[in-house]
Amino acid sequence: MSISQMKKSLTARIVQEKIYNLLMQGKRLDGRSPTDIRPINIVTGLVEKADGSALVSMGGTKILVGIKTEVGSPYPDRPREGSFTVNAELLPLASISFEPGPPDERGVELARVVDRSIRESRCIDLEKLCLIEGEKAYILFIDIYVLDYDGNYYDPSTIAVLAALATARIPRYEVVNGKLQKTGEYFNLQLQSLPFTITFGIIKERFLVDPQIEEESALDVSLIIGVDEKDNVVSIQKNSPGLIPENLLEQMIETASEKTKTIRQKFCEALNIGK
Amino acid sequence: MSISQMKKSLTARIVQEKIYNLLMQGKRLDGRSPTDIRPINIVTGLVEKADGSALVSMGGTKILVGIKTEVGSPYPDRPREGSFTVNAELLPLASISFEPGPPDERGVELARVVDRSIRESRCIDLEKLCLIEGEKAYILFIDIYVLDYDGNYYDPSTIAVLAALATARIPRYEVVNGKLQKTGEYFNLQLQSLPFTITFGIIKERFLVDPQIEEESALDVSLIIGVDEKDNVVSIQKNSPGLIPENLLEQMIETASEKTKTIRQKFCEALNIGK
Amino acid sequence: MSISQMKKSLTARIVQEKIYNLLMQGKRLDGRSPTDIRPINIVTGLVEKADGSALVSMGGTKILVGIKTEVGSPYPDRPREGSFTVNAELLPLASISFEPGPPDERGVELARVVDRSIRESRCIDLEKLCLIEGEKAYILFIDIYVLDYDGNYYDPSTIAVLAALATARIPRYEVVNGKLQKTGEYFNLQLQSLPFTITFGIIKERFLVDPQIEEESALDVSLIIGVDEKDNVVSIQKNSPGLIPENLLEQMIETASEKTKTIRQKFCEALNIGK
Amino acid sequence: MKNEKLKLISEEGIRIDGRKLEELRPLRIEIGVLDKSDGSAYVELGKTKIFAAVFGPREVHPKHLALPDRAILNCRYHMTSFSVDERKPLGMTRREIELSKVIREALESVVFLEEFPRTSIDVYVEVIQADGGTRTAGLTAASLALAEAGIPMADLVAAVAVGKVEGHLVLDLCDIEDKYGEADMPIAMAPRLNSIVLLQLNGRLTKEEFRKALELAKKGIMEIYQKQRDALRKKYSEVSLMEV
Amino acid sequence: MKNEKLKLISEEGIRIDGRKLEELRPLRIEIGVLDKSDGSAYVELGKTKIFAAVFGPREVHPKHLALPDRAILNCRYHMTSFSVDERKPLGMTRREIELSKVIREALESVVFLEEFPRTSIDVYVEVIQADGGTRTAGLTAASLALAEAGIPMADLVAAVAVGKVEGHLVLDLCDIEDKYGEADMPIAMAPRLNSIVLLQLNGRLTKEEFRKALELAKKGIMEIYQKQRDALRKKYSEVSLMEV
Amino acid sequence: MKNEKLKLISEEGIRIDGRKLEELRPLRIEIGVLDKSDGSAYVELGKTKIFAAVFGPREVHPKHLALPDRAILNCRYHMTSFSVDERKPLGMTRREIELSKVIREALESVVFLEEFPRTSIDVYVEVIQADGGTRTAGLTAASLALAEAGIPMADLVAAVAVGKVEGHLVLDLCDIEDKYGEADMPIAMAPRLNSIVLLQLNGRLTKEEFRKALELAKKGIMEIYQKQRDALRKKYSEVSLMEV
C-alpha cells in the first residue's frame, strides 16, 4: 500500500515562493545557479571486508555502498551470465524522516532505479561473471546505505555504486575436484559504461538540479534522468506527485546530458580513470 | 491471535427483526425463499496465462480462481501422488471490510475449508499427477481471489475452483536426458467428484441459505456444509460465533444435499459436462 | 529497535523501599534470606513426542523445555561436529506482560544467554553428534517455553534445558544404500558439564538472588552469572538498565559459585545422577 | 485416505490403543495450574496435553479497539514446536490461525460478553503434546479456565471429536486414527443449551453416519461435561503435577 | 537485451502480434463492474486484463494519520499469482511496491485532494493477467474508477507505454516486446493539462529517439483518452462480461 | 574453541596484529560527522568502524507510547550487509536484537531521562565494518553522539572488550582473537561513577581470571574515556574523513 506523504506545510509554501523568486533571478538558497550540482567527494576502499566500497558525499548527503560477491547458479534463461542485485536502505541515522525497519517504498524505488540504470547501460559485463556455463556464476550484491540525507540521494547513490564497482577487487574462484574454492587472486570488473543520473526539481515552469533538502520539500514535482557516456538516455523516473509540463522535458534531457558529463569528469579524476 | 469481530449494531438488530419476520412468512429481503440460492454465472478461461481459470458470480459476489502447475517432489509419505495447495485472498477491492496485506483468518479459513472439501471428496486423482515415483510430481497451485463481496464467498469459491479444475489444461512434462521439459501437450484433470457447498445462516430457530451481505450481518450463526454427488457429507464448518440448535442440523444436511444438486446441475450445464 | 520499558511506578518505589529495608535485616518479602533460591521441582519426560523434555518450576515460575532432533549438514568450518540451536518464547499465558507474536528482545536474549552458557561450557559433545564427516550430523532444536512467570526465568530455563538434555533419548540414524533411516535405537547425550546460572538483583548496595516478580520490578539492576561444576565462570549477562557498583561483582561471583552448587546438587538428586 | 495395510480396529472391535469404539481416552483435568493468569486449566486426554489460561476482563489498549457494548474475546491456539512428530516451525501456521478462530467463536457463543463493555478477555490454548483432538480438548480446558477466572458463561463448553475408522464410527480419535481414518468430526457443545458451538467435518460421511456420529459425540460430550463439573467442584483436592 | 534470433518486427514493419508500429492493441473498457466499491473499472488492452476499484473519501482510522488540509490517497497495485508466466509468490514484490508508488503519485497529481480534508481515498489496481503495459493500463482503469466514484479530478489520466524494438519505436508494447526490446517507456498524462503524471524509462534511447517516443506516446494517449471519455458517456450500454 | 594450529600470540607475548597483550588498537574518534542528526560520532578501533547518531529529545508519536515521568530511549544496533566476512542478510538478526537491548540498557543507566518526560531519544549505531568489539566501540560512539546532542548524562560511557586467548588475558580483542580465543568479555563503564553499565561474558574464565580481566578492562576503559573527553574538547580540530 502506497500512502500519501505529508503535505507541504504553510512554511513550505513560503519557502517555495522564496526559492521560486530566486530561481527567476537564476539563483538558489545556497548560492548555486539552478543547474549547479553540489560538491562531490568520493572515498573508496573504506570497508576492507567488502569486495568494493565507496563513501560518497554530494553536499551534505552521504552515501555508503559496499559490494559482496557470492557464487551461485546463473538464471536458467541466461546460462552464460553472472548477475547482480541492488538493495538500498534509508538508514534512520540519516534523517528524522527515515524509520528503522525493512526498506519502505522510497528505498525500494531507489534500489530499482539504480538497478535499471546499471543494467540498461550494460555497465557490468555479465558474461565475465560466468564461472561454468549453466552451473556457476558470480553474483554481486550491491548494497546502498543512505547515511546522511540533505536532499537528492539518487545521484550520489549512482556515483557511489559506480565507484564501488570501478574499484572492486572480486575474489576469483576455481573448481578443484568438483568443489569451488578461492584462488587467492582477484579481478576487476572493467566497467563498460558510466551512466550517471541528474535529479531535477520543478517549481511552476522553472527547474533546478540536485535539490538540497529545503528545496526538495518545496518542489512541485521531481524527476531523475540517467545518461551514459554515449549520450544515451538510460533511465528516467518521475518520483513524486505533481505535473511535469511537457514542454520542459526536452530542456531537462539536455541539462542531464551536460551535467552527467561534469559528474563523469569528476568521477574519473577522483578514481584516476583515463576516460 | 483471533479477535472478536464488530458487534451487530442497533441497525443490524432492526434488520435482523425484519429478516426474521420475512423468514416466518417464507420470504427474504431480495424476494428469494429461504432455501433459494442466488443466480450463478460461470466464465472459464478468462486468464489465458493460468492453466485453468474461472470467474464465478453468485448474485453480487464475484470470485476469480486460477490454477498454475509446477513440477516438484512428491511428499515422502505419498511417493506416487502429486499434490495441490489452495490459497485465498479477500482482495480489498471486494469490500470495505477487507484490508490489504497477508490473508487474515477469514482468508485462511476459506482456503482450508475449500481445500478439505476438494481433498476429502477425492475430487482430483492425485496419482495421475505423479511423473516419476518418489521423484517428480505435478503440484497444482489453486488460488482464490474474492473480487466483489456481497455475502457468502464460500459457495461460489468452491464452484470457481471446480470450474477452473474441470476446464484446466495442464502442460505435460517429460524427462529427457535427466532434465524436465514441457512436451508441448496438455492433459485434463478428469475430476472424480463434484463436492459443492451450501452456506447456511440461522436466525433464532429458522435458517436460510446463501445469505446476501445484509442478511449475513444479521445472522445469529452460520455454517457451511459440503455434499458430493453421491450424497456424502464431505465438509462442515461452523464459521461464526453463535449457538446452532442441535435439532436444526438434520434438516440443514437435507437442504444441503438438495441444493448442491441444483448447483451441480447448473455447473454441468454451464461447462457442458454430461454428469 | 530496542525500546525503554515502563518506568517503576510510585508503588514500585514504595515496594523498593520496603524490600531494601528487609534486605538490610537479611530478610525478604517471602521469608527467604537474600541468597536463598526458591524451591525447585523437575519433571522430565512429560512430552513423549519430544526426544527430551522437562517441566521445571522454581517457586511460581514454570518452564517447559523440549528437544527435537533432525539430521542435516554440519557447518562447513566444523565438518566433524553436530550442532544445536536454542529458541525461547515468553508465552502470553505466562504473564500479562508477555504478548503473543514472534519472540521479542527478551525472548531473544534468554535464548542467546542460555545458548552461550551451554556452548561455552562445552556441555554437549558436538563431535558425538556427527554422523558422516562433512556430510551429515544431528541438529538439536532446544526450545524453551516460559509457562508461568513469577520472576527470574533465566535460572529455571537453564535447569530445564540441562534436565531435558540429560534425559534425552536421541533416535539413532544410519545410512543404508545412501539413504538415511532410523535404526530404532536411541542414544544418550552424556553431558560433559553442568553450567547453572544465578540471577542477581541489586538495590542500592545490596544484592539478592533469584528475584521473585514483586522484587524484580523494584530492582535497580539485574545480572545473570553462570558457573560450571569446575567453578569456571561460563556466562555473564547484565540484563536491565542500571549501574552495577563495581565493588559488588566479586562477591556476586562467589555467591554464584556457591548457589550453583546447591542447584547442581538438587538437579543430580532429582535426575539420579551420581555427579 | 484409508491405508489397507494398517489394521486400526480388530475384529472384536478393539482399537489400536485398546479402547472400545465408543470409549474416551483417560481424561485428566486440573484447574488453577498457572498462577499468573486469572484462570487456567490443564487437560490430558490420552497423550494429548494442553494448558489453557485466561486474562481479563481488562482494559483494551489501544483504546480505539474497544467495543462500546461488549468485551472483545481474543483467542490464540498455539502448539509448542515439539508437540508433534515432525518439529513444528516457530510462528503461527495456517492451521493454528484457523483453529484460533473456531475456538474463539465457540467461546464467544457462551461467554456473556455484554457484561464487560470496553474490555478484552484473552484466552490462550497451548498444546504441549498433540495426539489427536487438540482443538476439542483445548476448548474443554479453555472453558474451565474461563470458569476459574470468574467469567460468566451461559454454560461450560465440552468438546470431543468423533470419526470413522475402517468403516466404524468411533469416539475420541487419537492421532493415528485421525490420519488414517475416513472422517474426523470435532464437535463442541453447550450441553445445557442443547446447542452446538463448534462443528467441523474433515472426511466423508453418509447422512445416516452423520446422524449417528452426532449422537455418539453427544454421549462423549456429556461424559466430559460431567468430569468438568466434578473438577470444578473438587478443585485442587488431588496432588497436582504442577505442585509435585 | 536484444535477442538476435527472435524476429519481433517483420521487414514490412508488422509486429509479432500483427499490429503496425504505431498501433494500440484492442482496448476494452467497462465501468462500474464491482458493486461493493464506490467506483470501479475493468480494462483489457490485448491480453492485459485489469480491475480497479476506489473506496472513499472516507474517514481515516486511526485518526492521527489524517491530514488536516487534504485527503490521503492510498494505492495498491497488485497482481494475482497466475497473472504472469511464472507463478508470482503471494505477498507484495518489490516491483509491486514501486508501481504502487508511481501510480499513486500519478493520481495524486490530478485528484483534488484538498476538497476532502481528514479523509482517505483508496485505490486498488488488481492485475488479472499481465501482458505488458500493466501500470499504464492500471492507471487508465484507476482514473475511470475515480471518476465513477465521483471524486473530482483536474483531468482523467490516460497512459500507455512506448518503446524501442529491433530499432523501431513502437506504441503499446506487449510482454515479449518489453522483454526482448531495447527500451520500455511508460507514460501517463493529464491530456487536457498537457502535463505528464507518470514517466519512467527502462532501456536506452538517444535524445532524438526520446523526443520521437514522447510524440508517439502522446498519440496513443489521446486515442485512449477519447475511449475513456466515450466509455464514461455511454456507461453500461453494452453487455458486460460481469453480467453475462 | 581453541584451535591448536593457529598461533595467535607469540612466545614474546606479541599478538597476531603486532600488539602487546594489554594494548588497545589505534582509536580514532570524530564528533559531529552526520549533519542531519542532533548528535553523531564516528569511531574507528583498528578495523572496526562505526557511526552513531542521536535524535531527540522529541515528541513521541503515537502519543500513548509516551511515559509521563521520563523520556523513552530507543536504540538500534545494526550492521551493514558488507561489514562482516560472510554477507549479512538484510533485516535484524537475533544478535542485533540482543545487542540493541544491552546497548540501550547501558545508555539508560547514565542518561537523565527524567528531565525529558513524554519525549523519546533515539540512538542509532551503524556498524560499517566489524572486526571485533563492535558493541563496545558502538557504545563509545553512542555516548559521544548523546553528548554532542546535548543530552545530559551522569557520565560518558566508555567500553572495551577483554578476553582470554591461548591462555593469556588480552585487551581489546580483534575478530580472529574473539573467534578462536577462550573468552570474550565486553564491559562498559561510567568511569566517574565507578559503575558497570554493560557486562557480558562469552567463554570460560576462572574466578581469578575474571578478577584480572576486570582490572585490565578498567585500564583500557580509562584510556578510551580520556580520548573521548579529549575529542569532545577539541571537537572538529582535525581534518575529517567526511570533509575530505
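Some points to look at:
Letters A, B, C, D, E and F mark the chains in the order given here, with residues in each chain numbered from 1 onward.
The rule we apply is simple: a contact is a pair of C-beta atoms (placed from the backbone, for glycine too) under 8 Å apart; a residue touches a chain by one contact, two chains touch by 3 or more.
These figures come from a predicted structure and were not determined experimentally.
Between chain C and chain F, the least number of touch steps comes to 1. Ranking every chain by how far its Cα centroid lies from the centroid of chain D, the top place goes to A.
Looking at B-D and C-D, the interface holding more C-beta pairs in contact is that of B-D.
Set against the C-alpha centre of chain F, every other chain centre is closer than that of B.
Computed from the mean C-alpha positions, the centre of chain A lies at a distance of 57 Å from the centre of chain D. Centre-to-centre, using mean CA coordinates, chain D is 51 Å away from chain F. If you average the Cα atoms of chain A and of chain E, the two centres end up 27 Å apart. Our note on geometry: chain B versus chain E, Cα centroid distance of 31 Å, whole angstroms. Multi-chain contact residues of chain D, defined as those touching 2 or more other chains: 62, 76. For chain C, residues that reach two or more other chains under the stated contact definition are 1, 100.
Against chain A, in their complex, chain E makes its touches with residues 67, 69-76, 94-95, 97-98, 100-106, 108-110, 113, 183, 185, 189-190, 193-207, 210-211, 214, 218. Residues of chain B touching chain D in their complex: 1-4, 6-7, 105-106, 108-109, 111-112, 116, 120-121, 221, 223, 228, 231-247, 249-250, 253-254, 257. Of all residues in chain C, those touching chain D in their complex are 41, 43, 46-51, 53, 55, 57, 60, 62, 64, 66-68, 70, 87, 89, 91-96, 100, 102-103, 141, 143, 145, 147-150, 213.
Contacts from chain F toward chain A in the complex involve residues 34-37, 40, 47, 49, 51-53, 55, 58, 76, 78, 80-85, 87, 90-91, 122, 124, 126, 128-131, 241-242, 244.
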